[in-house]
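The structure's right below; bear with me while I get my questions together.
Letters are used for the chains, namely A, B, C and D, taken in the order the chains are written, and counting of residues starts over at 1 for each.
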Amino acid sequence: MTAPSAVKAALTTQSIETPSWAYGNSGTRFKVFAQQGVPRTPREKLDDAAQVHRFTGVAPTVALHIPWDTVDDYAGLAAYAGDLGLRLGAINSNVFQDDDYKLGSVTHPDAAVRRKALDHLLACVDIMDATGSRDLKLWFSDGTNYPGQDDIRLRQDRLAEALAAVYERLGDDQRMLLEYKFFEPAFYTTDVPDWGTAYAHCLKLGPKAQVVVDTGHHAPGTNIEFIVALLLREGKLGGFDFNSRFYADDDLMVGAADPFQLFRIMYEVVRGGGFTSDVAFMLDQCHNIEAKIPAIIRSVMNVQEATAKALLVDAAALAAAQTSGDVLGANAVLMDAYNTDVRPLLAELRQEQGLDPDPMGAYARSGWAERIVADRQGGQQAGWGA
Amino acid sequence: MTAPSAVKAALTTQSIETPSWAYGNSGTRFKVFAQQGVPRTPREKLDDAAQVHRFTGVAPTVALHIPWDTVDDYAGLAAYAGDLGLRLGAINSNVFQDDDYKLGSVTHPDAAVRRKALDHLLACVDIMDATGSRDLKLWFSDGTNYPGQDDIRLRQDRLAEALAAVYERLGDDQRMLLEYKFFEPAFYTTDVPDWGTAYAHCLKLGPKAQVVVDTGHHAPGTNIEFIVALLLREGKLGGFDFNSRFYADDDLMVGAADPFQLFRIMYEVVRGGGFTSDVAFMLDQCHNIEAKIPAIIRSVMNVQEATAKALLVDAAALAAAQTSGDVLGANAVLMDAYNTDVRPLLAELRQEQGLDPDPMGAYARSGWAERIVADRQGGQQAGWGA
Amino acid sequence: MTAPSAVKAALTTQSIETPSWAYGNSGTRFKVFAQQGVPRTPREKLDDAAQVHRFTGVAPTVALHIPWDTVDDYAGLAAYAGDLGLRLGAINSNVFQDDDYKLGSVTHPDAAVRRKALDHLLACVDIMDATGSRDLKLWFSDGTNYPGQDDIRLRQDRLAEALAAVYERLGDDQRMLLEYKFFEPAFYTTDVPDWGTAYAHCLKLGPKAQVVVDTGHHAPGTNIEFIVALLLREGKLGGFDFNSRFYADDDLMVGAADPFQLFRIMYEVVRGGGFTSDVAFMLDQCHNIEAKIPAIIRSVMNVQEATAKALLVDAAALAAAQTSGDVLGANAVLMDAYNTDVRPLLAELRQEQGLDPDPMGAYARSGWAERIVADRQGGQQAGWGA
Amino acid sequence: MTAPSAVKAALTTQSIETPSWAYGNSGTRFKVFAQQGVPRTPREKLDDAAQVHRFTGVAPTVALHIPWDTVDDYAGLAAYAGDLGLRLGAINSNVFQDDDYKLGSVTHPDAAVRRKALDHLLACVDIMDATGSRDLKLWFSDGTNYPGQDDIRLRQDRLAEALAAVYERLGDDQRMLLEYKFFEPAFYTTDVPDWGTAYAHCLKLGPKAQVVVDTGHHAPGTNIEFIVALLLREGKLGGFDFNSRFYADDDLMVGAADPFQLFRIMYEVVRGGGFTSDVAFMLDQCHNIEAKIPAIIRSVMNVQEATAKALLVDAAALAAAQTSGDVLGANAVLMDAYNTDVRPLLAELRQEQGLDPDPMGAYARSGWAERIVADRQGGQQAGWGA
């Protein structure tokens, strides 16, 4: 296996972006269970994100969601983040919560609604200019619930038109990351349901358009690492929205449902050069019943552990076994890395970086959880609706 | 095929229960799109349900959901229903929306929460006494999101204890219908995830405990009509929560996603004697983007059309083909009924009953939709939260 | 709805290709149940295919599978087909049954195996030259069973190389149809697992490379008609391998498992112009337990019925409802066509064409089934292995 | 976590049964790739099984499949096994490969076929008497491919009748293990498709009828460990057929596809008392492309490693976290055990038992693989058909 020192060196180059909305309340259609101490403002979300970075050392950026994180002064927000040792990350657009979007946003049959949605997307690029964000993340809930409800092909035409307009608006150092999702909230067709659809659009748009893989957005049984390998081969993997699931888009903590899958994904990232390129590692999760900050710390650690195992894989031994058709041997090389307990190596790395070797314990001991419960009284807790 | 007159005669014995909550607003975790004219009170829900019954003639009962339909005077509500030509149907309990239920209700690790949940269930039986409802429908969102979160087996023990207490409380003519669901809102384990679990509990409880089949609550690919046939054979099919889906628990209009499946289900109901026994035919749907009353009329018609086709099946010809091992012949007998356009027969039946042959058109022409939009101004629209 | 005369006129332009191998024995890994009267030679397969065309009038071409249909004289086989009123259709390659292909064919780690596989593909084009076939259908069973077994990306490189060599060899009027499949016989990765992968390769190859949609080759819940609409929009839908399934690649008779899905697919074909272009309508099924010839007649009829319903859709009414955002109205336009019993219309069409209105009955009365059982004694029955 | 010494002590009590057929050839419906050195007789299968036990120390029993392992003298075969340090394990019946079983065995519409199938099952009990086997494993491929093909309910009646006859025949110390399977080779209905059906039959039969869980036989997303916990609570878990899968019944090496799932299953076994009761741990796998003996050794090791991790779980800490509703804490207790690298502990255990710490390496060095290739020339290799 790769030398621990090399693994540690590589790990120091990784950063994992946390999403502002994961610090707020979330839930299912049945119930949102509010938690005590949840942030009320974008700045308070950054305060919490700073704790995650403080104890993990690898979460320096925070994704924003517009309008949930709308502020008057984005430069001011960026400066606030900077004071906390953070940077603002991807801007996530929202064209699914206005009443006008009941039947779609950029694919809506009504041109006026499409225009409104497009204007929002363009406004998000304005915000990127202000925050210095590189990535615009586009997720469209657009789709239909019933056969015949709308014309599948026309909706693709409308989608292509909107994407082209946004692409045109991007600055030289900006990208658009197009997310696909199998289903929900649309229950018959979704206008960008799979990687193929996202890829086809991005290909026509150009190099600044890239596909983002949300690990919970696939049909049952889909081999996600295969998609990752393909997109890297095509130069079209923009990044990840990490989370995990047993069923649908469960949005559980990444690595919680299938840690072996996460390892296989990270292995393909490493093998395809994605670890040293512009692939964005982002979390996109819902902590419906567990405490949010420690859940995010745990998630960051899970990505880090999977990455460490992927880096451990003995590439030469693997290639040799593969080339010779040694099925069991090749599998064993991969499993040898996976079965290794990398927690000691990561503890060591943290200590070398001046961090507590035990981020979960250190956070628990820090008193932050108690402090925000005490301090954040009154006001409107952040959630998906605000 | 069966003679049309016999089919029509059988159809006159069917009744399909509509759920009070389908008249109110619903949505996904991403957005609830409110609709104009939606009821604000249980009585207004009944007013709408009366329209469905007026135009279809087969929807005389309405299920209530507690606490969404909580009123001071249930006897008064029942009388109000009676004046509209309706009866109150199943009582649906809700032990998933109180903050205490974050980690479960009757399976919660804390005995105090379990007690609270049980008290609610018992209170629902009190309401049944007042409304004259026969059925208590029990759906538990209880489950866990993460491996290890709670003890699977202890939760079964707690569930069994609560069910026994409710069963004990039932009157002689009352039943409890236990619903199962594959997942959501719990994303790792669900305490009643499949028909086998519901069946095992009901078996131990006794004859008043029956399984309810929600057509959207199964793993991908599950053969629902097989379950229906089995439960009827065991005398344990209490009823249906009808809806349809392409993916998960999409709660689309019944018959919209897979009309052939609905036909196969109704065929097994007919074949297993469920059509002439106590099996309850209930809708449980979400009309997130379509107009609610016509969607419910359409759904009732879809069930009726599937039933008519199922009744058309030539039982003797089918049995003969099956017995002789004629695969294509037996399949053809079934398909012959399915491929028949039963809409003329149903139009005829409605005319014989003094109804408009075209329920959708008649409702549209009735002016009710416009009237409720005009009349129901102000107040709090009904939805899942109230 | 569209006028019946227009529907009938359109239907006369459709032809449905039957596969030679469906006339032979097939089964599962557990057992192949041989049937009496099964063909022993490619000519006997054509004899049976001629019966299907004789009674349906819409199945004039027969796909070959190499080496299962290897003959010394392909021109002679084509002439034999011609004498039966048939033409030879697509050539299906087979690079999955030689012992060398245990770990892959064109993606195998060993260059010698890759070369052997490529040579077979090129030889298939030679056969196309001899038979006058337009289409080379490529299905690769290539993939891996275990994580790490082989390098996902290198296998894509090898695949691209082989496809380019075959593409180069194609004549001006020849096409290659690349098939994708979710899984089986590979159980971890499949090298062409989804439409996106097939599309990406075909796009790079050029206009003669087209994607073929096997209706049984998708992940659970996949919206196949969406893929059809997309591929038509991209000009990349080469054709269909029709069959149906409840679970995996069950290869049941097309239309047997979900006739509504087949209708939706055919609607997108019609709507996207695929019905009047070069889209090939092929069957690819296994009649493991049912009599083969009548099963194929039934399948052809199922495709025809779904097509008739798709043609019936009132396009103007649908567009109007879609444009105005009338969810229920638009769905109703589609369902109105689907719920129509088109069997009388098809019977009428057949009579106008001088055919028996009842193909199944006419075949049964023809005595062919009894004749082949009596005549085809001895010899080696055709199957997947020969 | 549990003390290593206690874990090791518990592990010494585990035994894992290997199936005779896994030593022979297997494949998919597309191709069976024969391997060199594969056994030709039941005795040669035992010879290979002895190697697995020799290097792992935990695989002392071998399951037989009738008629694949039919011999004249079962007592002689048992003695041969004894000489190798093995015992004969479960008897697996086969009522799916005779031509008569095309439409079913014990559920066939024809009473004569049912009788034939039942006679085979009873004959298997005779064999158990001769071999001293405790368990009769019953898997029925029975089902239908097309809606209407046969009557679902009558097939249950016929199944119940056959099971009762077999149950009656069992000796005091014999059990019948009823296996369920979601689908394949039947593609519409399967007569025992899920644990609920198997449970319902076993419950009526009595204590000697138990359910067997094949880990590859579930609908996508099914929570297998939940079923394990339930069956243990009901006293109805007879054993496991271990294997793993990404898609359907892939029959890959157990632990290869989802090692975390295997750990969760073993955790529920330990927690539910199954580890110290009569639960049979059996493998049921297909080594289609990998070398068979080392694949079986690897599989045995995978079960052992998952068991070791399950035994490591700190039960007291887990219960404390669960009781207090500490979601993240409870999950962490479980994950702590899973993330532990137990390979050193198992190596230590093997050394304490006088075994090589590295079973895979030791087997490779033993020369057995080369020897059987050299020795087993000619004859008919064992496979599923013989």
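Here, contacts are C-beta pairs under 8 Å (C-beta built on N, C-alpha and C of every residue); 3 or more make two chains touch, one makes a residue touch a chain.
Everything quoted here is computed from the prediction, not taken from an experiment.
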Per the C-alpha fit, the turn needed to bring subunit C onto subunit D (nearest 5 degrees) is 180
Two candidates, B-D and A-B; the one with more touching C-beta pairs is B-D
Comparing which residue numbers subunit B and subunit C contribute to their contact, where sharing over half means same and under half means different, the two sides are same
Per the C-alpha means, the centres of subunit A and subunit B lie apart by a whole-Å value of 38
Per the C-alpha means, the centres of subunit B and subunit D lie apart by a whole-Å value of 39
Touching two or more other chains in subunit D are residues 103, 145-147, 182-183, 188, 220-221, 223, 246-247, 256, 260, 289-290, 327-328, 331-332
The answer for subunit A against subunit B in the complex is residues 26-31, 33-34, 96-97, 99, 101-103, 141, 145-147, 182-185, 187-188, 220, 245-248, 250, 252-253, 256-257, 288-290, 384
Residue set of subunit A touching subunit D in the complex reads 220-221, 223, 246-247, 256, 258-261, 289-291, 294-295, 298, 305, 327-328, 331-332, 338-341, 343, 360
In the complex, the residues of subunit B that touch subunit D are 103, 109-110, 145-153, 156-157, 182-183, 188-190, 193-197, 199-200, 203, 218-223, 225-226, 229-230, 232-234, 260, 264, 268, 271-272, 318-319, 321-325, 327-328, 330-335
